[in-house]
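The data blocks that follow each hold one structure.
Consider the two complexes below, in which chain A is the common component and chain B and chain C are the respective partners.
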Partner chain A sequence: MRIVAKMATGGPVEVLLVPLIAILASALLFAGFVALAGVNPLEVYALMYKGAFGTWFSLQNTLQRAAPLLLTALCTALPAQMGMVIIGAEGALVMGGLVAVAAGLPLVGMGAPVFLTQLVMALAGMIAGGLFVALAGALRHWRGVNETIASLLLSYIAIAVMNQMVEGPMRDPASLNKPSTGAIGDVYMIGTIPGMDVHWGLVFGLIFCVLTWLLMFHTSFGFAARIVGGNARTAKLVGLPVGFLVLAVTFLGGAAAGLAGMVEVAAVQGRANASLVAGYGTGGILVAFLARQNPIAVIPVAVLLGGIAASGGLLQRRLDLPDATVLVLQGILFVVLLASEMLYGRLAVPRLSLASFLRLRPQRS
Partner chain B sequence: MATPEAIGWVGVPLAVIAGAIRVSTPFLFVSLGECLTERSGRINLGLEGTLVMGAMSGYGVAWLSGSLWLGVLAAGVVGSLFGLLHGVLCSLPKVNDIALGIALMMLGTGLAFFLGKPLIQPAVENLPSINFGWWSDIPQVQEALKINPLFIVGIILAPAMMWAFRNTRWGLIVRMVGDSADAARAMGYNANTVRVLATVAGGFLAGIGGSFLSLYYPGSWNEGLSSGQGITAVALVIFARWNPLYCLYASLLFGGAGALGPALQAVGVTQGYYLFNAAPYILTLIIMVASSSSRRRLAGAPAELSVTR
Partner chain C sequence: MNAILPPPPPEAAAPRALSVETVSITKRFGSFTALDAVSIRIRPGTVHALLGENGAGKSTLVKCIMGYYRPDEGSVVVEDREREIGNPRDAHALGLGMVYQHFTLVPSMTVLENLVMARADVPAIIDWAAERRVMEEFLSRMPFGVPLDRPVALLAAGEKQKAEILKQLYLDSRFLILDEPTSVLTPGEADEILGLIRKMAAAGDITVLIITHKFREVTAFADDVSVLRRGKLVGGGSVADLGIDDLAQLMIGAKEVAGSVSRLAAPADAHTRLELKGICAEDDSGTDALREVSFAVKAGEIVGIAGVSGNGQIQLVEVLAGQRKASAGEVLVHGEKFGATREETRRHRMALLPEEPLRNASVARMSVAENMAFRRFDTPPFSSRRGGWLSRKAIREAALALIERYNVKTQGPDAAIGTLSGGNVQRAILGRELGEAVDILVVANPVFGLDFAAVAEIHGQIMAARNRGAAVLLVSEDLDELLELSDRLLVMSDGAIALEVPTAGADRVAIGRAMAGH
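Entry: the complex of A and B
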């Protein structure tokens, strides 16, 4: 069923080939850019590989950075299935982290069981992030407010609210030069996956991606949501609850980003502060687009982007490149990727043979 | 002579008015540029990146050449290059203007941070201002009425652009392309060419708005220079109903809202500093909610614009 649906839009070879061409073209452009900046591009790429996947240490660093990207990418990818462009993951992450701490600290104070505290924190973070993005969905559905601009504005507001809370009502008086909330303490932190130096957030992200992929592509709920994305008027005509679907999917996307915030707090920072605004939200947008808004494809792309981000530090130390180097590569990648959309249906790929081969199989099974 | 303390709370509305004049200029230039682009039927969300690029390149060129106005011009040129990139790529089949805008927002910010790294240290003289407050003894009033020439250019540009939309051949062509690409084609105009030109011109204005940030107020280059002024200005165009004159009023309103936080802090209200800084975003959102509708198209919206589907 799924393969046939994809065949209609252009063939599986194309779906892999076009992003590959885009990645290759952006790699060339970026090589030109660093060459202009006076650095040997080959050296840059060698270092990037080393810093991202070269050693066990760097691979773990990459996976650690991929974990929040898996979740923030869903914040864009899931609503995109309904035809909405949401770019508020940064705000949902911040809200999720802040509310998770707010919910966790009283429990920590009471000496509640560790697992219960973490569960409450995760749920609080997901609900906060979910409601936050669902607000953008609701405004779009009932008021016709453009969801792209609204979600970005909400994101700025969320960051302001977080700064306000961290400097004011929720501030730990002991945090002098970097205002923060109180710490949840080492006992309550989410540990690492056995045998690795990577926290459990990676597993949460993987589970979230697989479950939402199943939901969107293998349930009637997901089918209905994608009908709304295809044509909202048709969806209304056949009696689909468009408002509910919009709210549910935007809530899910926001919940993913909110969980990313909770993980940042409970596995990395230990407290909420301005470090939550680390660009995972904007990185997630790129991951979602590169994965063509497919939750399963988000997984490899998030690892790739996590690797690029992880190698930034090495580039800075060895080649004295600014930390924004990674941002430039991401920007080039994003622009080239979108421009490569025009290639769909225009490449002379051997579609006939492969298409007919694949078309037979779903009918058999 | 009145001292700063003597005027106390009166200083708050005064500072808001001063802020409306001082802070509004980037809003004004970005929104006028975006207004032109959107009137031709495309939305360029990348103006946030263009604004930051303009700020960086304006500062850099002013530092290297020693000429402030050359810096402003360079910012405009860099902005129009970004506009050209957006315009040409959007003319390709299947390329979505909203998504490309987000991409250019990231690329512009990244490039500006990369290239602007050496510019954080050097101090460049700021653009001169014209003193309209000579008649007053109160320093705050004098301060409020020190007006930058770019602001004056902006308030002349707004009605001029409105007049041009209504009365000139070019204005009619842009509006026609924005309302119906088919009609434009029937008349022998290439919609893509017109849109590319409108995006280039819009990028030029946004770039100049960026140079105001680094060369006048706040008046130096750093990575936190723009935090969403560009995207706020894009939202402001919707609120202004694609009318350049309303863009001017809206920019003044937003400038005033942006000045509220620092003004209150100056008189000792430190509570809620961050929330007052977020005032322009909250205001934008409220206005967008109040002025949108799910049932009808927005009045005055170009029919080809994807943002008002």
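Entry: the complex of A and C
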């Protein structure tokens, strides 16, 4: 209820209408694309629905894929509240996963309690991801480096570091074809939510989204951060600690993505390897932009995008479309969405009344 | 005031100067009527002043003449023939030219390059030697010159303005519109340029329409005047027939303007509240913008800072606001070193109203209520002591009180502050800054672009703060405003204090000379 009310006051119909228009336009473009491939678009959309939400199995598949997107989206959405465009979630996720394993393996070796080990891994992953993105924030605040470029390039460095570690010092000699770190073992893995096949990462993501939304929109910390995001000159005028706020919020965003990395290793892969680079980081950027950088709106959008990804397999099996077809839809969505930004403030919501009609007519007689 | 040349009779005007007439021009924007059947006749070879408050429709009218807007009704007549002016190019082809308030020359290029590039028919390969010969020949016919080979960035403001005017003459404009041409000039430069313009008009070379709100320029340099108010032509005629009081009456209308709060005597034992010691600072490009600025402001006095824009005033306010770091020197408040942190600003009860508050002191997309809470949102009752939970209710209620008290016209406390008019943003921010007791108030160009009623109100608030015992630093480019409000006047030139005088009995000429850096 609260959310709806907020959107209604924040920026009337537009906030919902513009993304909706963007999604519909993308759907049309994608329909044209699959039609060119000789497939009936309606059939594609019917199958996509089935593959994403149609069955209990596919719904769980969707939620499983939405879980990391919830967290990586925050890596873009939170700094965006401060007026920064951070696209380094992929790197933060990789760093989080790698460091979580590095912190977890010695504890596993000592036979430490399971919960303690998982807690340490989660904290390590969050701190690693947080520091990683805070670095981009620090470069921006103190050196004036563009944070978008910095976070993107830092991501490549993170992936290179991970590869170096996995193929070098941290390599498990038993991993032959695919260099990996040692496994943390089944006992230490994060299990699934009771009654579902979906791991606890989904719950972490939901909690993170709700908490950060409360933080940004209902505390004085978030208020201060949004002042900085809205106008840094004003923030300095009223004496806000701009540097601290930039670091804190970028750290928080990175921590979310780092936690996604920890969940990937502790709930899915069991170890760190190149599989960590699975596109969840870039998917998160898309989710954040579709959600208008609002942490609560991230939740439904992540589920939608998770669904699109989940339906790829079914399209491949039934219609003989390549697996990457759904990536085309994602790409179209992103481009159309960015283009739709220009609609804000220009959308004439027509008021169909006799008075407005009469006023439009030329007064000359 | 000054001796006024008799307006030349029409037949005496040389064939070059154009006559321009607007016939019953009406321009609407949606349901708002910006111009309502405005008819003005500008005789060839005269200087015609267009007078009016902000928003009276002056720029809409000249934009209709120049083809930026198409009037809904009415027409423009040039040399007694009705003309269809669909775009600025048509206007140029007819010999109509405009000099804008802000400079439009490319700063890194020389005057010669700027003038040649401005031509509509620049050849693909430019024979610079030939162009220079043509240009020198052209300049020799002009009453004033500018150094052709100097980059525009190195010219003084007055020279830039001359170059802008020369550009229009070079493009063969015989009807010139000058949009507040003296707003960036020292009084001396302004007089020189307007004098030259008037001479050229009197010689029949050009016809000039000058947009202004300075009465002095009208009486000293214009032949005719037209006064606009709320989109209507409310009067005008020969300047010789009208006095300043008549013009003011026409411009403001019969509406009573709230008299400013009277100045109370300053307390005798006032102590220093704000002191600057040898402040130096650089601007964004790294050149020195402030050079060892030192002065003090006592409780219960207004210290005015005068100067032509761009002489370090902006950087001075930024240093005090914490938006720019001083490279040397220190700011003392109540005798303590001041670093512009939130805690210090609050403890010393310091308020700041920088210029362009929408850009400098507010967040356009946040609501009026939120913007009004920027100073106090992290203290009770707006935030809980633990956890800092915001109370939207408290923020809203406090804003409602301020909106009422400071007469802010807004759809409500939840409207984005960016949707308010300039004067109302100013009032909203002033309300925020003066909402609580204030010991020190720093204000920069507080009435820039506001209408008369808003000016009087805001001046009243500033004077009231002074009378309550605040130390006020008023930075302004408007000398009249400073002379009206200040107790003491400092003149800034090239980043340093060039002159300090008590306002009572201040000598305009000396101030102008100090502003120009003499």
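The definition used in the following text is that the second predicted complex is superposed on the first by the 337 of 365 C-alpha atoms of A that agree within 3 Å, B and C clash if a C-alpha of one lies under 4 Å from a C-alpha of the other, contacts with A are read in each partner's own complex, and residues count from 1 in each chain.
Just so it is clear, a residue touches a chain if its C-beta (ideal position, glycine included) is under 8 Å from a C-beta of that chain, and two chains touch if they have at least 3 such contacts.
Keep in mind the model is a prediction, meaning the values are calculated, not measured.
J.: Please determine, from the superposition on chain A, whether chain B and chain C clash or fit.
T.: fit
J.: Please work out whether A:A150 is in contact with chain B alone, chain C alone, both, or neither, and reply first, second, both or neither.
T.: A:A150 sits against chain B, while chain C stays out of touch.
J.: Under the stated touch criterion, which partner chain does A:K178 make contact with: chain B (first), chain C (second), both, or neither?
T.: Neither: A:K178 stays clear of chain B and chain C.
J.: Answer with first, second, both or neither: which of chain B and chain C does A:I227 touch in the superposed model?
T.: The answer is second: A:I227 touches chain C but not chain B.
J.: Looking at A:V335 after the superposition, I want to know if it touches chain B, chain C, both of them or none. Which is it: first, second, both, neither?
T.: first
J.: Quick one: chain B or chain C, who's touching more of chain A?
T.: Result: the larger residue contact count on chain A belongs to B.
J.: Aligned on chain A, what is the least Cα gap between chain B and chain C? Give it in whole Å.
T.: 5
J.: Taking the complex as given, what residues does chain A use to touch chain B?
T.: 37, 85, 87, 139, 141-146, 148-150, 152-154, 156-157, 160-161, 163-164, 167-168, 282, 285-286, 289, 322-332, 334-335, 337-339, 341-342, 344
J.: For a test of understanding, state which residues of chain A touch chain C in their complex under the given definition.
T.: Touching chain C: residues 9, 218-224, 226-227, 230-231, 233-234, 236-241, 359, 364 of chain A.
J.: Spell out the residues on chain C that touch chain A in their complex, using ranges where they run on.
T.: Per the touch definition, chain C meets chain A at residues 31, 73, 321-323, 340-346, 352, 354, 359-366, 370, 373-375, 377-378, 382-383, 387-390, 414.
J.: Give the list of chain B residues in touch with chain A in this complex.
T.: Its residues touching chain A are 45, 85, 89, 92-96, 98-100, 102-104, 106-111, 113-114, 117, 227-228, 231-232, 234-235, 238, 271-275, 277-278, 281-282, 284-285, 288-289, 292-295, 307-308.
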